[in-house]
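Take a look at the structures listed below.
Look for chain A in each of the two complexes below; its partner is chain B in the first and chain C in the second.
Right after this comes the complex of A and B.
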């Protein structure tokens, strides 16, 4: 394996709540790596810590109330982002690592033209003149497939549709040809048809520009289509990590299993539950009070005493997979006979 | 005067024509008072700049000291005052002083207020607390007394010091306004997006946050100029502002008011000028607020 582009180790991002109800451990010991050029999918329900993880990488967590605990480690091309001076960090943001936000409606500044906003990163990082930056903005608009870029460059965000704004966001993020793009739910706010277009666009741009992508989503369909590897997060932790094909073929964590079972399918009508859609019972617990033991045990159909008492570490999946490529945080791996059909 | 009026009319017409193509321009002129407001402001600004051309007499020239209080006539457009000076000429030169003081003082106030408000709102925590308590103290002090005290302490205060004082006692409201705007704007996603692009605090504040707060700042500045002018007029009226031979609209009222019964014109016209300009500023400020908010797109 080559040297990873990004290495996150034991990332802990906590938020101190004001009412004294304790500390929200939004991200609690997350580790993963991103190889150059690959797409890593991060999946999980709302409240699992996906967005906080991505904001932590660029150190965009509002402090206070948030803080990244000492002992956390985020290494990008051999440099620890957590100890960088603000100046050096700014040189990385938008230049080496760029980010696309979830809401294209609110992530663009309403008082500037889209051209100005796309050009901004180029002006900040590459000290382009305004004329050159404008030319670059037009190029970027063309690259992300916006018709009439020469005209659109002078439009304001409110003159564009959601899909076009998301394209503008992508153009903004890619203007400096970053090595890593973090896309936080890039398609959640869009129509399904537009979603497909945006994902295709990301795929194409990734191939053209050779960057790595962290794709954060709660939609397994999105991951299946785009990601090389998947990290499944639950309650601020990584619960399963595997190449995409392996994960879909052999989900080992009960949470992953539940997520996959919850995807509505057209080809195989759900046999269980009399034709109703499957769901994982319960909700993600509050980040101020994760359950003892395995954090998934209150919702897990297989849970037994050990799960309630002891927190499982990440265990190797075995089963022919190369060690370290497929890891699961579940005691079931030590006792596979307990994996009985759903009760 | 005719020239200035024609020019002002032409400016309004040209502005109307020029901006009618844009949505903000249409929103601006949708205000029924916006056109007259621009006309009044252009008129007074023009006569202020062109004072030597527009004024028939020098502002200090006592035309006929034996027969003061000449009523308005063809020779003396707005009459002459109790010291037999041409009121029109003094209104013209007074426009320089009054408008100038208002504009410069407001510039000082708006700059300081915006800077303080932006810093407090963006950095929050102790910075915010410290600055806003300072603002509370500033707002708790009666402004006119602070100014009177300052003027009383320094005898023969220089005009620029007076302007600075008026400006430096007038930024508290603006800073609160700006802080409130910045507090809400800094949480917006596009600010996070700008930071993710690698923009530093200065760039985020000046390029992303403040332009979004421009509308309230401009409106408060436009209304504020009127306030500054009224303050200057008040001080001058009390004899504490612009020293007497220099014409300002305030001290012209002071010179004329005790002869109201026999020569109503010498105090009325400068008063009228103040009222007109302040109303015009309010009208234009209002229209600007509607025009400058791109989120309110015309249907």
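Right after this comes the complex of A and C.
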């Protein structure tokens, strides 16, 4: 097996809450790896810790109120990002690891042209001259499929549509040919036809540039179409991790199962013929007070005494899966007969 | 066939372009937000109105309720003409028709408790007061799946799903028979979205409600709608019973929209049509068929660039505005 590009181990990112009354354990012991060139999908609902995880990788967590706990470990190409000097970190951030955010409106600076914003990273990291950087910016705009790049390079963000702005964000992120791109809900703010364009663009660029991608999303459909492997997060933890095909064919964590049953599907029979969506009762608990035992037990249809008392570790899925490839944080794996919901 | 509860004919809403340069310059182009939209909804049924941002679907919902004044067209609810009503009669009719908004954060008054929000419509429409009002408020909360103790809460103390339930309870408080649901689940997490969709389906059955369900998410609409209308640049481009529209769409825009929705199944073998370009501005719609610049239909020709296609019946119950509706993608 090749050496992973990124290795996250036991990441804990906590926040002191405003009232000073408690600590929000937003990310609480998360581990995963990203191989060179692969797409890792991270899925979960709001408040599960997926965005804090990605910000922690780039050390973009505001301190205070946040802090990454000692014992956490984020290794990129063999170097621990958490102990790097700021200067060395800057050489990686925006250069070898780049990020695109959900809101292309707020992540672009309204008073600079898009060309200036794309060129900036090339000037800083690769010491290109302004002229060379401008040429590079035009190349990047062409790469991300913006028509008339020579003209568009001098436009301001407000002169562009939402889809075009997201393309500019991608151009900015890719200008230094990063080895890892973190895309945090890159298509959530976009219409579905524009989303399809952006997902196709990311696929194409990944194949052309050979980079790895962490794709953070709440949309299981996006993950199914784009990711090689999936990490499912709930309440600050990884609850299931598997190759994409295995996860959708055999979702083992009751949360993954519930999430899949909640999604209205285009490939389902039309209304009035199929009854109700299943949904998951209740809501995601607050990060200041995760439930005892398994954090999903108050919403779980299978929970029994052990789930209320003891927090489950990540267990191997078994059933023919190679050890370590499909893991699930659930006691059901020790007692599969219990997978029948209570009446 | 039962007569329609809601009947919309030739609805038009144009927003005037503002004048440039301190109001002295030449006026900007008129935005044709809603351009000759017609549909009917039978009692107890749901019409799903879908389209991308800026297609005019929310404007349709608001113009029907006269939250914004339509420029032309006829809207009748249970035989009563909504457009020509005077203020007093309109207020009375509002008991029959209510709206639930997308943003459960922006549509609830942060300074009012849930109790106050539910008591207000009861008082305005003189439906109930005192002990009777208390009883109704408790019953409403229960009906939308909230514990009556939530009555004393302020919106900031509630989760997104709970707020949307309050929004629904508020709309139901005056016992309407028609609800405009404007992206009611778009802001919710998927597990909560399923709960709210189930709630809406239950309420519809129990109270025999008629819904206009406005959404951008075709999978959500498929789940709840009996009839579906697809809008593009202010016009309905296709309208059909849901099974027909999803099973054999006739307009290339509908086909493209359907193919763009990500399906949570990695094995799904689908031919994805990726539309080029952005939606044109409704202030400058393209001549001819408004969809022609992005249309992937292999046969599109000069006619599409000059001749706006009429919305016509192309199969029993199915209307499409495309010159090539007989040869769908």
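Rule of thumb we're sticking to: the second predicted complex is superposed on the first by the 334 of 343 C-alpha atoms of A that agree within 3 Å, B and C clash if a C-alpha of one lies under 4 Å from a C-alpha of the other, contacts with A are read in each partner's own complex, and residues count from 1 in each chain.
One rule holds in what follows: a contact is a pair of C-beta atoms (placed from the backbone, for glycine too) under 8 Å apart; a residue touches a chain by one contact, two chains touch by 3 or more.
Bear in mind the structure is a predicted one, so any value in this text is a computation, not a measurement.
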item	value
First, second, both or neither for A:121, with chain B first and chain C second	first
Partner chain in contact with A:3 - chain B first, chain C second, else both or neither	neither
Chain B versus chain C as contact partner of A:98, first or second or both or neither	first
Which superposed partner A:163 touches (first chain B, second chain C, both, neither)	second
Which superposed partner A:90 touches (first chain B, second chain C, both, neither)	first
Contact breadth on chain A, by residue count: chain C or chain B	C
First, second, both or neither for A:322, with chain B first and chain C second	neither
Touched partner set for A:154, first chain B, second chain C, both or neither	neither
Which of chain B and chain C A:109 touches, first, second, both or neither	first
In the complex, chain B residues that touch chain A	188-190, 192-200, 203, 207-208, 211-212, 214, 294-295, 297
Residues of chain A touching chain B in the complex	55, 58, 60, 86, 90-95, 98-99, 101, 103, 106-112, 120-121, 124-125, 156, 158, 169, 172
Residue numbers on chain A that touch chain C, as the complex places them	45-46, 161, 163-164, 191-197, 199-200, 218-225, 244-245, 248-249, 258-268, 270-272, 276-281, 283-284
Contacting residues of chain C [partner chain A, same complex]	46, 52-53, 159, 161, 189-195, 197-198, 201, 216-220, 222-226, 242-243, 246, 256-268, 272, 274-276, 278-279
